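See the structures that follow.
Two complexes come next, and they have one chain in common, chain A, joined by chain B in the first and chain C in the second.
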Partner chain A sequence: MKELDKEVKVKVKRFSEEKGTWWQEYTVKVDKYTQMTEVLKRIKEEQDPTLSYRASCHMAVCGSCGMRINGAPRLACRTIALEEVDRTGSDTIVVEPMDGYPVLKDLVVDLTDFYNRMYKVKPRLHPSEDVLKGKSEHRLKPEDQSRLWKFAQCIWCGLCVSSCPAVRIDVEFLGPAAHAKGYRFLSDPRDTSFEERAKVLIDSAWRCTYCYMCYEVCPRDIEPVEAIKLTRTYTTKFGPTGDASSFGERHSKAVEESIAETGMLQGGKVYVKTYGLVNSLISMIELMKDGKATKLIMERQKKVRGIDELRKLLGEKQ
Partner chain B sequence: MEKLNYDVVVVGGGLAGLMTAHEVASAGFRVAVLSKVFPTRSHSACAEGGIAAYMDGNSDPSDSPEFMVYDTVKGGDYLVDQDAAEILSYKSGEIVRLLESWGALFNRQPDGRVALRYFGGQTYPRTRFVGDKTGMALLHTIYERVSGLNVDFFSEWFTLDLLVTDRRVTGVVAMEMKSMSPATFGAKAVVLATGGNGMLYQHTTNSYINTGDGYAMALRAGAALKDPEFVQFHPTALYPSDILISEAARGEGGILKNNKGERFMTKYAPMKLDLAPRDVVSRAILTEVAEGRGFPGGYVQLDLTHLGEKYIKERLALAVEAGRNFAGVDPVKEPLPVRPAQHYYMGGVDVDVSGANPDLPGLFAAGEAACVSVHGANRLGSNSLLETLVFGRETGQAVVKFLENSKEVRDAPNPEKVVDDAYSFVKRESGVHFGEVMKELRKTMWEDVGVFRDEERLKRAVSKVTELRKTAVNMYVTDRSKTYNTEFFNALELRNMLDQAVVIATTALNRTESRGAHYRLDFPKRDDKQWLKHTLAYLRGNTVEITYKPVKITKWMPEERVY
Partner chain C sequence: MKLAYYPGCTAHGSAVEIDVATRKVAQTLGVELKEVEDWNCCGGGFLDERDPVGHAAINLRNLSKVEKMGLEKMVTPCSVCLHSHRLAVHKYEEDPVLKEEVDKRTQGTTVQYSGKANAEHIVWVLLRDVGLEKIKAAVKKPLVGLKVATYYGCQMLRPGEVMGFEDPHSPHSLADLVAAVGATPVTFPAMTYCCGFPLMGSNEKGGLRLAYNIMKGARDAGADLLIHPCSLCHLQLDVTQVKVRDMFSLDWTMPAIYATQLLALAFGFSPEEVQLGRNAAEVLRQKGLI
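Our next item is the complex of A and B:
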């Protein structure tokens, strides 16, 4: 393996309360197996003991080592140094603390906000009293087990929230990890508090912008956005629980009606059905000021060819 | 210094600590859980293959809890306290049911019951599992449960030392890592659930946080470590990163092969083959490598390819992930490169089956931090998760009883000294850095207190570690930062590691026999006449004091251990 030894430069964004922010560069020898956690460990043990970072299991199950590596939110342990060099074509690997959380020191950030999001969804099973007292036993279908396990594998690393644009602009949005966790219990057939969970989750689910960043960055492939989509499907059954879910529910109905009617998305009509006439008029005035409204107003209501086939498909869905 | 008061302080937020906290909080007592990491980052998360349990109506029809006791006793090479193994076995089913009732997503059989599989040293299959991330699944389940109770969590608080007043434990001194401000936690009982100490070894499957802080704190407070010489090496750590490839890989049918493609375990364990206990397999692998039948770099191959892609992905997802990400090998298509690495510490704070330490009233320990003597000289796979929960619960219940009969305790007279001692490293103007000493320590332990031991190596280790302890007195922390100064905490961890290392090396030199994971090339046979007894070791300054305690035998008389 010796011949694979290669030098890489690691540029770290440092911070301490006393000194503020600065960049520091280190040179480290690596081979094709060297994880970024090992790179940081070597820096700390051999070159600069003042570098602070979190890391523990180095096998992507503890969720300690979330940080930005070459601009992307990653677990350091899941990042092989030379793969980064290959990917970017640069010998320098840039390491920064995770975005979106206050920095405490160097690569260590304060995750309090993340944890609070998790606690909001009451992240624990509420089994029936009989089961808790040992009087009866849960059974769980293998397919339910694997379906739930997908969403239960969250390791609370915080990367998804760090990468989520919606949590930054919408205080009502719980964020991706909490939704994955929330859905995992909402849809667990052993749980007894569906209503309570639905109240917490449904409206927030409609605040996601479907940008798929959480899907992109999750080191455990949980696909929180998938949990959010599935949570939205409960809206019809449970009813909206706030503004976002009211609009959301009306919007999806309007889209469906529009497609059933013409086979096309009639933007103007959908808008009016979603936001109501008054709001739509206000929006339209805004749009006219910008000269963008003509297209909406001029929209033709022609049906697509094969509309009958389409309606048949929609009927099948129901 | 700030002073907080609780009925109980639990140090460590892994499975054992959380289970103890659950019992204490459920009984209405005030409990604080101190952990140097956020609880779900504890090393319990790394346990992969499963948790052993005999479940009534959901086990092999020929199996019984008695067989489970027997397997555990034999696996531990008869250094197991059999009353402890009985508790472990007879309460295993209810513990799995309890975790299931709290929402743990165990793999299921078609009829909805919890599934099971084989693990090394089991007469019948008993291991219950959540894919190969069982520890992660159970840790999150129990944290979710306990975080809903009335428990105060002090996450990222580093515990410096125990407080002892009037010859009993009365609390701890700990420091918030973020603000670096110390506080005393007065308590009538302290439970050490600080996990293992894999970082003592150059090659380990353990997390970076596993520095055995609890062992060192107990030693410094005057309590004994029991059976400190027994260190388990897991046979299949991924080469070269030492990431654990679960024993489940062999439990599901994986085969070890040397560079000639031979299934070499036929030589070492003709009956159990690849599913012989870990000590046996680890020695077999290193023997193959030493005799020239390994691969360059010193590893053998673990072949799963015949199991089929679907089966491997469903049951051994983490092995696939680890192989692909960390070794560039797809186990579905080619064998994994594996070699032994330190994995588990059978030794620990001396406690009885209630988790209580006999030296210091008020001191309890649970999980890997404790030595209840359920694992003896070698732990069976999937018995560690079980121990954390069964004895975490036993300990919690014992603590509750202890509190009911406990008087108010006096405050420790001089907690400031604990902080001053810790800060001596920071105040110093020059000296060695923790990294230099740490590297030498881990190398020494790996080479001289490892899988194969003999007098020469162990003597060398004792003198080397003693020398390193002297050097470390002059440790110097360069980072003057007053927030999250990890160099400072690393220095304290190293101090803890050195205190244990000297005890481990000394007791390994002292035990002139081979038993389970303690294998002496110069004494290759087990010697029941002389050595069917537990080691108890105290640390007095630079001296390790050794005494003994008999092994509790209820019905299984020692016999030759063949697999």
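Our next item is the complex of A and C:
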């Protein structure tokens, strides 16, 4: 063993249709450069050929090696074994398949649901007739290119969808990766399918919870939640396309108006503007059961004294 | 220790108990909270998409006031306010186009932000600047036998590069506080998931479903109640919990209280003094703790 080599224990959550789920531990020698894909390769080649996992490029381009490493959704190739030991303070590295997808074998999951989400947003450019016939060529301004670049970097690894809480509870939400891809084409000046894309994307965008899990786990720093926020801004121009975008737009507008009016967020007022007086009263009656309704009514917020300055900071919106 | 204090709209409105308990805890531990004068709303998590420049500008207005107070840390009990201010600073520093636009808007106003001040969560300040030893020493009524689920939610943790206090995938700040007051911390898989509040304006049923996942997760892990670090989690998990119970026909409750409410109880304040909700008070009574 070289001086810098260390032994780590790797605890893998395994699964096969015949045997079900079980945990298996391996011991592997690593140095400070050893990626988790290399760890898994050594286990498979030197200790246990029955271990199944996906990996290909080992450089965060192919998107094959998504899994949970010590509880965090990660690409195995971008995870250095000894950095995990440092992060957790334990010599044992726990490796599990990605959450949210059916497990086929060991660390290999079925990504059909992920691909279906991506296909729903038609993840390719729809050029104009003239471009297709060779009568003109595509032009893209540098500022558009730089805006779109980030959202075009998706490698379809599925980590963001695997960790997204909204995907789990809402079949109408497309999920973060599809939204990043969708926005990339929705706002591409060369694309000709704006209306079709807007219909697919706008309402779904209002079904995101802004939990920033996708921002956190994306190995390509795409920040899908930012694409979702940008997609929501199309609601004002295009109009809502369903209940979520209809309520959501009203709610966001009410928040903006409340701040411009008083400098504060007046929760009760925003709720009434979003859901209407009748629904708000019904909610209020419900809250009385826990003795909470009076708190909402008794809000004691004051208006910001520097409201004129605040309005200037908001671009003089009133 | 003197710190700038930003309660946020909700702690000055429908979740005033958060403000009350936070001030009591700070006072007990010798932390002087100096409220930022004439502070404004952070945007509530929604303004940045409609007006990114305005969002950054109004958050910098608060931080500029903190700098004028000669302070750098602006402590807040609300994760959304924390997130909003820190994200505004992050974008202002990282995006030169946005910075130019924000600087144009702030011209001729009182806003002069040098980049020194930033928002801090009260939990971070308690752990890093006050320290567990001092907290333990202030405990008059150890909450022995109380199983407390530690719910972190989203915005205090993520994005990790912007929040920067603890590992967003395996946080333990709240568990450290729970253990310090003699109670038993209970972790559960959903402790870093969303409470659903941000969905309440667009997909209420979805939001309530997410809240149910948190309540059920805490209950399945054997908790008596849960603590959280956010004014808006408080609205979702405490104030509107009754809606979750109706939607899922539940015959049980999972009291959700703010982190400093728990600390204040252990420091000897009464349930009335920290405006504890009736469900939480009932649990403490059953446990013989009040």
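Some observations on this one:
The definition used in the following text is that the second predicted complex is superposed on the first by the 310 of 318 C-alpha atoms of A that agree within 3 Å, B and C clash if a C-alpha of one lies under 4 Å from a C-alpha of the other, contacts with A are read in each partner's own complex, and residues count from 1 in each chain.
The criterion applied here is as follows: a contact is a pair of C-beta atoms (placed from the backbone, for glycine too) under 8 Å apart; a residue touches a chain by one contact, two chains touch by 3 or more.
Only a predicted model underlies this, so the values are computations on that prediction, with no experimental measurement involved.
After alignment on the shared chain A, the placement of chain B and chain C results in a side-by-side fit free of clashes. Of the two partner chains, neither chain B nor chain C is touched by A:Asp91.
Residue contacts after overlaying the shared chain place A:Glu257 against neither chain B nor chain C. Using the contact criterion defined above for the overlaid structures, shared-chain residue A:Pro127 touches chain B, although it does not reach chain C.
In the superposition on chain A, contact of A:Asp113 is made with neither chain B nor chain C.
By the touch criterion defined above, A:Leu313 lies against chain C but remains apart from chain B after alignment on the C-alpha atoms of chain A. Nowhere in the superposition do the C-alpha atoms of chain B and chain C come closer than 13 Å. Contact residues of chain B toward chain A in the complex are 37-38, 40-43, 45-46, 94, 97-98, 100-103, 105-113, 130-131, 133, 135-137, 140-141, 144-145, 147-148, 178, 207-209, 240-241, 243-244, 297, 314, 318, 321-322, 325-328, 433-435, 438-439, 477-487, 490.
By the touch criterion given at the top, residues 1, 16-18, 31-33, 35, 37-38, 41, 44-46, 49-64, 78, 80, 104-106, 108, 110-111, 115, 119, 122-125, 127, 131-132, 134, 137-142, 145-146, 148-149, 152-156, 185, 188, 190-191 of chain A touch chain B in their complex. Interface of chain A with chain C (complex): residues 70-72, 87-88, 165-166, 169-170, 206-207, 209-213, 215-216, 229-230, 232-233, 243-245, 247-248, 250-253, 255-256, 258-259, 263-268, 270, 274, 283, 286-287, 289-292, 295-296, 299-301, 304-306, 309-310, 312-315, 317.
Put simply, chain C touches chain A in their complex at residues 9-10, 12-16, 38-41, 43-51, 53-54, 57-58, 61, 83, 105-106, 108-111, 154-155, 158-160, 167-170, 193-194, 196, 198-199, 201-204, 206-207, 209-210, 213, 235, 238-243, 246, 277-279.
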